[in-house]
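Same chain, two partners: chain A is paired with chain B first, then with chain C.
Entry: the complex of A and B
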């Protein structure tokens, strides 16, 4: 049965337990960082940071402050464009049992730019040492051992729920109704197409440039169809990222 | 604190989720069988203060306990004695005299709450009191660093507050050795408003030197909408905030913010007043501590 994770950003406090827990479980080496005037650190996803909490802050026209947190990682698309974009059959595989999209060691033989630009969420990163393309694997090792993915396990706020896709969709629908009461713009990001479903309380573009594939509230947006055609990469580079 | 919370017959009483209650308990939303409270599952301290000498509630509509037919009903009585008319003690059983108190023995200040300005204040007059700051506060005079600005000192017009953060524990002397935590929060920063940043010509990510009468500390500017200038008695007062999780034991992560703060403590426990002191700041081209 396919699995899914609901990430309810309205419950996220940006403690970054998921970011650090992920890194510790995978035993990734530390990355040298600098304070750059934001809590978002490292600045972006990388080969040793496949989970990253993104921060964005907004001064609304009525003088209220909105501070949004987005624990970014691979969405594990049901029909993954990166898998379609791969040249080798077994460099990117999809686990039948969970639906997890897995990058194998054979991604070292893939064209990184082609794989990266096929992703509507700007997820794949290149490990300069192994030349492998790296991203979240839904903690397939843990899930097969009946353990929760590390991000879900480490979330003290209960913002992340892992389970059967059918159960997660029901929970997501219930939470959406509750959050929409006070946040009419609340939505579930690309729920039909992905296994990692984000609940946001405001326009997705105010959380992260690539929160949704069809970022119609951001400049230079593309439809999912256009993205699958892989023609959006130049446009994406031309747009500036929102970050607070 | 958990003494009595585990019963040989019922197990862990804190796990109880039974919502049954009497109509009297329902009026004050008291659920005696939901979870458990120390001691003896009493929910409201000194509850016999809510009844008269005969055990009749002063407010029958919101009665916590009542003496009926020779026993207490409602909450578990505090001090299982009879009503005072029948020889029971005063209700405040943990106090020597049995009475409620506004002011206890051994306290240095009180009894009524008062607003005092911190030991260092941007104001020259306390609008709420003729007394500027707490006359009982504990101060130290051990070194040349134990000095305080005069009230409303124009050389140090900005208020500094200090705080901890999620990624580092207390001063960070242990957690800064955790590579993944240091990666997430690597260096000393100072949060300031866009308004103050504009006034001082500081951009987000610039190096800043923060100075008080006692010392200096370098930090990276974090310019944010989350801090707004205050207007206090018609005057703009800027606030900046810095974490206390950094120190010299880890090179290039910045030094301790307590080089700036005051050595002033509260009258009873000497808990330091690290939440407010006066500073000034300026942009610097190069940092040596970061």
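Entry: the complex of A and C
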């Protein structure tokens, strides 16, 4: 049965335990970085950082500053655009059991720019050493061994919950109702289309440029995502109708 | 005290998934899993259909309960579970054929027992009493087989009643090491990661739940302490485990020489059914016994 993760950003304290846990489990090497005046470090996802806690600050109309945290990683789309954008059959596969979208070693033969530009969340990165395209694989090795994904296991605040998709959707709906009491703009990001579901308390664009595939509230970009969101919506609808 | 209520349809799925996974992970245990698996699944189905506690809600004296007077010790109906004998003939029709298939060595005895129940030679009341440890004689059926079969027949009804009774004391403090419902000893423990909707840091290790050997009720208990003697000295407490299966262990105490099996489920994506988990820990149980430790309470397969 497909799996899903609910990431409740209202509980996230940006401790970056998930980011470190992921890097540890994958045994990724350290990367050179520098102080840029933010706790977001490294500045972006990379071949050795497939999970990144993003920090952003926004001034409210009353003059107060709000801090937003967003543990960013692959959303494991139900109909992954990157999979459709691949030229080789087995370079990007979707695990039937979990729904995890997995990049294989054959991605080294793919056109990185084509794969990257097909992702509505700007996730894929190129490993310069192996030439493979890399991203989160939902800790498929752990999940197959009945272990929680590393980010979920290391989340000290209980902001991440892993489980059957049907259970996670129920939990997400319950949490949304609770959070909306004090945060009317709260929403579940692209819940229908992805396996990694973010609960945000405010407009998604305030958290991250690519928090949702259609972040029209985030001015000045999103054309690619808007296009992809538009392209795949009818396809999903048709598939659902066919499946009854 | 926190207790966990088992919802049977989900529990049944959990049993089947856990059995399948255990068979793949530990092929050497397949014969054992094949023998006890169908029995565990059939018991879960019976539990789902069982009536539960049908009497009036019990009046629980919270103060006495806090001092160790478990639920059934406070009832005015004789301090036991409600009579389930009316359901045992049907349960025997369901469970005994499964047990005959699973345990060919005692199949002939089980057939005789089934015939005695069907003919009325063994009354449902006597069968129920046998399920709780009283002697009952059926020609051709050994004492051991009678005790095993009868206890398996009453267990689904006991467990279902215990679910209702445990709900009545949910939230009350229970620091004891015996079952808060029936006073039974634990034969299993589980470290469960409880998802709490609080604003504070969540413990990764999970809370420790002891599991009753008689009615399968689970209750929270101190993590680092021996449920046998209460010893909390680190030097006296020993953890036995197979390095290949780090989530399974036997928590042993050098002071009282007792042990209880423990499933550390904090890191597991799906927590297996505790009975199936205990079944897969049989090698660990044997190892603990070989080292001179005794279980606080046994499983039906413990003496194999």
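Going forward, the second predicted complex is superposed on the first by the 219 of 244 C-alpha atoms of A that agree within 3 Å, B and C clash if a C-alpha of one lies under 4 Å from a C-alpha of the other, contacts with A are read in each partner's own complex, and residues count from 1 in each chain.
The rule we apply is simple: contacts are C-beta pairs under 8 Å (C-beta built on N, C-alpha and C of every residue); 3 or more make two chains touch, one makes a residue touch a chain.
No experiment lies behind these values; they were computed from the predicted model shown.
Novice: Quick one: on chain A, after the overlay, do chain B and chain C clash, or do they fit? Just give me the call.
Specialist: Once chain A is superposed (C-alpha atoms), there is a clash between chain B and chain C.
Novice: Which partner chains sit in contact with A:146 here, chain B, chain C, both or neither? Use first/second/both/neither.
Specialist: After superposing on A, A:146 lies in contact with chain C but is clear of chain B.
Novice: With both complexes superposed on chain A, which partner does A:67 reach: first (chain B), second (chain C), both or neither?
Specialist: After superposition on chain A, A:67 lies in contact with chain B alone.
Novice: Tell me which partner A:35 touches in the superposition: chain B (first), chain C (second), both or neither.
Specialist: first
Novice: Would you sort A:158 into first (chain B), second (chain C), both or neither based on which partner it touches?
Specialist: second
Novice: In the three-chain superposition, say which chain, chain B or chain C, touches more residues of chain A.
Specialist: Between chain B and chain C, the winner on chain A residue contacts is B.
Novice: Which positions of chain A sit in both the chain B and the chain C interface?
Specialist: none
Novice: Mind pulling up the chain C residues that touch chain A in the complex?
Specialist: 21, 195-197, 201-202, 204, 267-270, 272
Novice: Over in the complex, which chain A residues touch chain B? Could you list them?
Specialist: 13-16, 19-20, 23-24, 29-39, 41-42, 57-59, 65, 67, 244
Novice: Name, in rising order, each residue of chain A that touches chain C in their complex.
Specialist: By the definition above, chain A touches chain C via 3, 142-143, 146-148, 153, 155-158, 161-163, 178.
Novice: Across the complex, what residues on chain B touch chain A?
Specialist: 166-167, 179-189, 204-206, 220-226, 290
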